[in-house]
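Quick one: the structure is below, and I'll ask about it shortly.
Labels A, B, C and D are assigned to the chains in the order they are written; within every chain, residues are numbered from 1.
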Amino acid sequence: MIRVQQEDFDVGAELAKLAAGNPGIGGITSFVGTVRNHAENQEIQAMTLEHYPGMTEKALEDIEAEARRRWPLEASLIIHRVGRLEPGDRIVLVATASKHREAAFESCRFLIDWLKTKAPFWKQEETVEGPRWVAARAEDDAAADRWTKEGA
Amino acid sequence: MKLYYFAWVREKVGVKEEVLTPPEGVRDLAGLIAWLKERSPAHAEALADPRMVRVAINQNYVAGNPPVGPEDEIAFFPPVTGGAP
Amino acid sequence: MIRVQQEDFDVGAELAKLAAGNPGIGGITSFVGTVRNHAENQEIQAMTLEHYPGMTEKALEDIEAEARRRWPLEASLIIHRVGRLEPGDRIVLVATASKHREAAFESCRFLIDWLKTKAPFWKQEETVEGPRWVAARAEDDAAADRWTKEGA
Amino acid sequence: MKLYYFAWVREKVGVKEEVLTPPEGVRDLAGLIAWLKERSPAHAEALADPRMVRVAINQNYVAGNPPVGPEDEIAFFPPVTGGAP
């Protein structure tokens, strides 16, 4: 399941829902991304996430479908927030459930790596020097490419 | 043709979206970009460096120089930066 | 922090506590292990976890300390339950928080891999044919060894 | 000397723990195991296959044939199987 929303999410409740009624699940890996109070040695006061309504949801569904094609998953979840967030706030939750932990770990990492380079979200940070758009990182492209090669 | 702009591309163009009717001669992405850049200095600046701008047609990423038509939804934006650190 | 306990745990509350007051954290990876209702094609009605009080806590502390030596972590947590559990019940929670997701993912995987082969817990499954002790898996040794080689 | 048994080793021995005073000649792990196996058929069966049994002395895993003394806490158990599937 995927969701794009302004509101915060309850990690415990979301993970419990994910596993509910499926005692074939042996493990759930999850990743929660949070807003840091600094980046590139500068203090971050807040952050605003912009997205492309419609295309974002489609991109997340495609990424989730690809994970389920590659690994034997019992359940999966992507929640991404948009709008203004402050340091410490949750930005994103990705979670995958499987019979074994290997598939859960690999697929969860895959989801966040692909999401970062393939889902249309943009971050603007507020600093004392004014707002600035976050630039894409070469490391993120490399992390996403790793799965392209391995999965080919 | 519906055009969308996001993040700093939106800020530079000055609008979030616009509905335009390019002349008949505009049949591909390169032609569309050339025409947009002539429309205003804001468009010209936003689309100045093609390496910094990504394009989606009908909500799918595109590369190269695909055809564009009057019914298409075309979006211009920087490389994406969602997720977490 | 490590804990060995009979009671269930609240994943959302534990992860929130882990990140509380530290806005330098960029991501938290967690893994929740749960009791499956089958193993080796046989139905599992329940499972009992035995441990070695004293040594278990020491082993978990050592594993956690090793993770913090290898990765730049802002916080870490291991909670392992003991006693009788039923299908769907949570067994274990491991979580690590870091500035970047890479360290969080790697160290979380390390914690669960090492825990499985180095912490003195034993599982007995209840099946229709009676109770049986779970045998160690060669795959688990291989998963743990991976970190020995990489970290050497 | 305090002895602990866990999981199926405990079930085979029949007790969870016991306090024993091995004879003076028992100075290492191999000597202790040989002596225990003579104490009862239950001990002998539990410790029959050394490849299936792990040992901790004073709550640290040991390998080989380390020395053992009267103040030591020694535990015998199968390979561990905690965590999740």
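One rule holds for everything that comes next: contacts are C-beta pairs under 8 Å (C-beta built on N, C-alpha and C of every residue); 3 or more make two chains touch, one makes a residue touch a chain.
Being a predicted model, the structure only gives us computed values, none of them experimental.
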{"item": "Pair with more cross-chain C-beta pairs in contact, given C-D and A-D", "value": "C-D"}
{"item": "Approximate Å spacing (C-alpha centroids) for the pair subunit A, subunit B", "value": "26"}
{"item": "Distance between the centres, which are taken as Cα means, of subunit C and subunit B, whole angstrom", "value": "48"}
{"item": "Junction residues of subunit D - those touching two or more other chains", "value": "83-85"}
{"item": "Multi-chain contact sites of subunit C, meaning residues that touch two or more partners", "value": "26-27, 31-34, 36, 99, 101, 112"}
{"item": "Contact graph of the chains (line, ring, star, complete, other)", "value": "other"}
{"item": "Set of all touching chain pairs, with the criterion as stated earlier", "value": "A-B, A-C, A-D, B-C, C-D"}
{"item": "Touch list for subunit A against partner subunit D, complex", "value": "26-27, 99-101"}
{"item": "Residue ranges of subunit C in contact with subunit A within the complex", "value": "10-13, 15-16, 19, 22-38, 87-88, 99, 101-102, 104-105, 108-109, 112, 143"}
{"item": "Residues of subunit B touching subunit A in the complex", "value": "4, 6-8, 10, 56, 59, 61, 75, 77-85"}
{"item": "Parts of subunit A lying in touch with subunit B, wherever the complex brings them together", "value": "31-34, 36, 39, 49-52, 54-55, 58, 80, 91-92, 112, 115-124, 133-136, 140"}
{"item": "Subunit A partner contacts - residues on subunit D that touch it in the complex", "value": "83-85"}
